[in-house]
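Note that chain A is present in both complexes that follow, paired respectively with chain B and with chain C.
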Partner chain A sequence: MSLEEWSNLVFQGILLGVLYSLVAMGYNIVYRVNKSINFAVPQVVLLAAYVSLIVAVAVGSFIAAIIAAVLVSIAVSMALERTVARPLLGRPPVALIGATLGVFYALKGVVLIVGGSRVATIPIDIDYYEVGPLDIATNDVISLAGALPVFASVVILHRKTRFGAAMRAVAEDAEGAAAYGLPVKRLMLAGWALAGLVGGLGSILLAIKTQVSPELEYFAIRALAASLIAGLDSLGGVIVGGIALGLAEQIGSKILDPYLPGIGRDIAFLVLLIVLFVRPYGLFGSERIERV
Partner chain B sequence: MARSNALYIGLAAIVVIIVAAAALFFMGRGSEETAGEEEVITINVGLLVDETGPTSDVGIGYARGAEAAFKYFNEKGIYTKDGVRVEINYIKRDYAYNPTQAEEFYREFRDRYNVIAVIGWGTADTEKLSDQVARDKIVYISASYSAKLVVKPYNFFPAPDYSTQACAGLAWLREEYGGGKIALAYDSKVAYSRSPIPAIKEASKILGLEVVGDFDLPLRASEADAERVAREIKAAGADFVWCGNTISSCSLLARALAKVGADVVMLVNVWGFDERSPDLVGEEAYGMVAGISPFIYPVFASGIEGFNVIYEAAELAGIPREEVTLRFVQGFVNVWLLVKAIESVTSEDLLSRGGEALKEILESQTFDFGGITAAPVKFQPGFHVPYKDVYIVMLAEDGSLVLEGKYSAPKGIDCARVTIERG
Partner chain C sequence: MPAGVFKETYEADMAFIRYPIHKAALIAAIIALLAAPAVLDRYYLSLATTALIFWVAVMGLNITVGLAGQISLAHAALMGVGAYTVAHAALKLGLNAVLAVPLAGITAMAISVLLSLPSFKLKEYYLAMASLAAQLLLEYAFSRIDPDQYTPVPPEAKVLAGVDLNNPVNLYYFTALVAVLMAVIAANIARSTYGRAMKAVRDNDVAASIVGVDVPLTKALAFAIGGFYAGVAGGLYAIYSVGIGWEAFTLIVSIELLGMVLVGGPGRVVWGSLLGVLTLRTGWTLLESQLTPLLSALGMTAYASAFKYIVLGAVITATIILEPEGLIAVLRRVKEYFRLWPYSY
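Presenting the complex of A and B:
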């Protein structure tokens, strides 16, 4: 295999991984504030993608499509916090897991009505460029250029601002944070809104990179593997987890598919299995994660 | 307290008995009733679709077409050979392309609704159920055109099997472009995608095409997957590519082939190419992709008599003409075949022998769909390949779809049998 082939394989693996990370970040933010997993994420991602497609076609504006995806994702996430997560506060983590699984199926019906399982592309002009050994398309550039600032913003927001410090306090000890006068419930709502924001952006960038199709749901499910590999309570680690997953899938497929056809796409779950055996709380997660 | 509990239990029992009696009344097979002066037979038919699973990219349109057909023919009136009206009560289930779920729904169709026929979907589930439907004597008309089904006594579809279709496509490639190297891209884990591969390899030898390899393209491919496969195909020096998946992954592959600068012509299986392809593959891939179809595309419907029926049905269902797609046509024609069979049996046969009577009719008559299928449909007992022609539709340089014409599998090879023996 030539250098050009390897370079492009690694580039595409990283790019895919970055998009996994973006969606995975949504899982992690919710985990940090509620200590449980939001299983409705894949349908929120799909809904946001279909809404962005509808807006892009109707308005003819790419920016409007991004705004629509983000707004829908934030709105649904906040609604979930108010109607599902908040009433379950204080219950075991499995309660929220079960409830969000229920929401997953309810939203699936909504997505069918809104999107009708259509397969389409977000209408943008795609040009191809050669950069050294790499073949890069416009949608590659948009995906990367869109994702990296979001990561940076979330990490800075989390580590360098008062809001981030308050969020961290809630994540560490919600009752203690409340005793110090922090508006815990509002911070939790803000956490879900932030998760919706990154999920919505992840959704539109995935749609631009591939297609708007029901398959996006499975990307979002695989992103959960990236989240678990990183550790559910690690925000920075999720970037490494996602990229590791994207690279493992692409390189694994390249090397193993000739001997075991189709094995590459299962690598996400093999990697997850190995990581959870060795470090049940993920590569960068805290040891205190509760098993459910 | 005990007395009021007994009262509640008694009331609940009465409700359960009423509901059960109503269910039995409405679900009975072949029930007869008289509506005014007219005698009406009601039969139950299962409709198994994928609207939420990995083949929903083509499954939704198919389901829409099948449902429009049921509604249309019920509305227009279906009459048996001896003039008795038949009402089809169809029971729709979305199995999300999960064969185990399909088996469960099939058991529900059979045991709860006593269906005499099923309009089915995917290859893995239809193949898995084929022996069971034969034992149950239930006619099964599928969207899977797998060669392995053509020797199953109760399985039918109004199209050549995938292998015969692929061989006809290869004949077109040979005629249009001469010999060369062909790469086979498909999902090796999916029965539908694997189905025609043995026949393609055998027919390639006869046609002077060299198979350069099998390339695993997931049905749920990401763009990264498609680009990796495209580079491998380019490195193998292929002149032609066979894509055996559905439209989502095949269009990603076409886009990726254009991106990596592969100078190839890609031939796509019936479920991997349709009216959406020009938008999905992108301008760079124009002029390098062609699709196979046993049914004429609605964009070429002008002058095709059978489309009058489909458009009338669509209108009745409130579906605009522009939403009548190839997938819609595929679902519609499957139901239409069943309706034509019902119209050729007597009411007595339909009630007493159900699926068995329909099978005999399907194997003894020729069915004409007014020019929609590439040839009239005629099944031979024991070998249900109804015809061997397909249409080839090319995505031209300007992004339009061009009907290349009708092509047949090469002589000297029975592609369906090759797959049955070696698949």
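Presenting the complex of A and C:
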């Protein structure tokens, strides 16, 4: 393979990785405030993508499509916090896993009604540019330009603002935070809403970068793998984990495809199992010490 | 302490039949099981057969998840391993399908033990995700083994010692025999040393290791038994089907199986599992056959499968939130009310 092919492969890998990290960040934020994983995210991502497709076709503006996707995702995420996560506070993790998987199951039905299993592209004009050895399309630029500011603002929000400090306090010790007078329940709701926002944005950027199809569901599951590879409680690690996964997927499928056709989709899970064997709490996650 | 009749010895408390209602229910269940082919027509008989097959699978998952607390989202894939073992043993080796069922159980058990390795280090969400990864990797393996999504199970392999399992009544009795056998074993596992060790690991694994429970061994055992049940259920499914395709063993089926455990009653291996299967699978199929004319009258036939997902998903989530111990806890409350009646205080 030539240098040009390799550099394009790496560029596409990084681009996919950035989108992985965006969706993975949604899981991460929920885990931080609530110590739980929202397994319903893959269907929320798919739902947001189909709604944005419908809006984009009906209204003809892709800004409206972005707004629709983000609003749907935030609304579903907040509804889940109120109706599923909050009643289950203090229950063992298997209850939350089961309940969010039930929501996953139910939302699959909603997605079937809203979008069927259609495959379509969001209608935008795509131009192609050549920058050095790279072939860049308009949708690549849009997804990068959409994702990077969101990363930056979530990290700044998390590290520099009072709101972020309050959220970190809730993540660290919810009861202690409540004792200091922090509105724990509202902060948890805000956390889920923020997760919905990143998830929805990830969904529409993915739809623009690739296409709207049931495959997005698996993309979001792989993003969960990225989040675990990085470690569930590391916000900065998610970006590294996502990009590493994007690269592994692009390069791995190129190398392995002659031997195992179609393995590309499942490389993430191979990488995840290997990482979990070597470092059970992810590459950047902190190990929990348990007391009895 | 409420009024009523109480058990005074440990043996009495651990017995299979503790109250008159248990005896009555058991006798009714045996009569129903034996009389079903005489009463039901072919459609309902095949429904009963699939319910029994899924009962075996859900009992296995209930041991892994309900008793030992190890979350597994790869159970449908393990069923698939069992089903493909039987189909390929019959197709390629010319083995009798019935004799291949134990082989299916052992193959699935071996893979399940392999899947238990992450559980030595991982817990909860990480473990759930590791098993989800295993499920999707096994789905990939199935898609390579069976690219057409159709592997026939030869009908001549389904005859053993003159009994033809292509006949639905014979198949029903054979499935019932295997299922009841597996249920008796499962009930005893739950009461044995290993069953109690599993419960200890589920409730607090660090504390369990301090009192001398071999935690990795117990986890591996829970996965092994769960995998064996899944493999046997998959083998029975292959005998039941004319041909198998891997779309019957996907992630969404794994979620359904986990839902059956949590809705029926996690930790209540025999009856909880049965209740889960009857609610989510048989119950829905019966409801659907009533619903279909209504949907076609409304012109919404295309949405039938969507409604299945929405209703069952809502049932799973609502049951977990409102009834942590599953629907069997509701039955128990009803039983206790009448047992203590009229002095239930």
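Here is the rule we go by: the second predicted complex is superposed on the first by the 281 of 292 C-alpha atoms of A that agree within 3 Å, B and C clash if a C-alpha of one lies under 4 Å from a C-alpha of the other, contacts with A are read in each partner's own complex, and residues count from 1 in each chain.
Heads up, the rule we're going with is that a contact is a pair of C-beta atoms (placed from the backbone, for glycine too) under 8 Å apart; a residue touches a chain by one contact, two chains touch by 3 or more.
None of these values were measured; they are calculated from a predicted model.
Undergrad: Determine, for the superposed arrangement built on chain A, whether chain B and chain C clash or fit.
TA: Here chain B and chain C cannot both sit on chain A without a clash.
Undergrad: Can A:Leu224 be said to touch chain B (first), chain C (second), both, or neither?
TA: After superposing on A, A:Leu224 lies in contact with chain C but is clear of chain B.
Undergrad: According to the stated criteria, A:Tyr128 is in contact with first (chain B), second (chain C), both, or neither; which is it?
TA: first
Undergrad: Return first, second, both or neither, reflecting whether A:Arg168 touches chain B, chain C, both chains, or no partner chain.
TA: In the superposition, A:Arg168 touches no partner, neither chain B nor chain C.
Undergrad: Considering only the touch criterion stated at the top, classify A:Lys185 as touching first (chain B), second (chain C), both, or neither.
TA: A:Lys185: touches no partner chain.
Undergrad: In the superposed arrangement, does A:Ile97 touch chain B (first), chain C (second), both or neither?
TA: second
Undergrad: Answer with first, second, both or neither: which of chain B and chain C does A:Arg82 touch in the superposed model?
TA: neither
Undergrad: Quick check for you: in the superposed arrangement, does A:Asp257 touch first (chain B), second (chain C), both or neither?
TA: Only chain B; A:Asp257 stays clear of chain C.
Undergrad: Going by the contact rule set out at the top, does A:Leu112 touch chain B (first), chain C (second), both, or neither?
TA: Touch status of A:Leu112: both partners.
Undergrad: Between chain C and chain B, which one touches more residues of chain A when both complexes sit on the common chain A?
TA: On the superposition, C touches more of the residues of chain A.
Undergrad: Once the complexes are superposed, what residues of chain A are shared between the chain B interface and the chain C interface?
TA: Shared contact residues on chain A (touching chain B in one complex, chain C in the other): 108, 112, 218, 262, 265.
Undergrad: Tell me, which parts of chain B touch chain A in their complex?
TA: 51-54, 56-57, 59-60, 187-189, 214, 216, 218, 220, 222-225, 227-228, 231, 235, 247-248, 251-252, 259-261, 276, 279-280, 282, 284
Undergrad: In their complex, what parts of chain A are in touch with chain B?
TA: 1-2, 5, 8-9, 12-13, 15-16, 108, 112, 116-121, 126, 128, 135, 137, 139, 209-211, 213-215, 218-219, 246, 249-250, 253-254, 257, 261-262, 264-265
Undergrad: Could you pull out which chain A residues touch chain C in their complex?
TA: Those residues of chain A that touch chain C are 31, 36-37, 39, 84, 87-88, 91-95, 97-110, 112-113, 218, 221, 224-225, 228, 232, 260, 262-263, 265-266, 268-270, 272-273, 276-277, 280-281, 290-292.
Undergrad: So in the complex, which bits of chain C are touching chain A?
TA: Against chain A, chain C makes touches at 65, 69, 71, 73, 117-118, 121-122, 124-126, 128-130, 132-134, 136-137, 140, 143-144, 204, 206-207, 210, 252, 255-256, 258-259, 262, 266, 303, 305-318, 320-321, 324.
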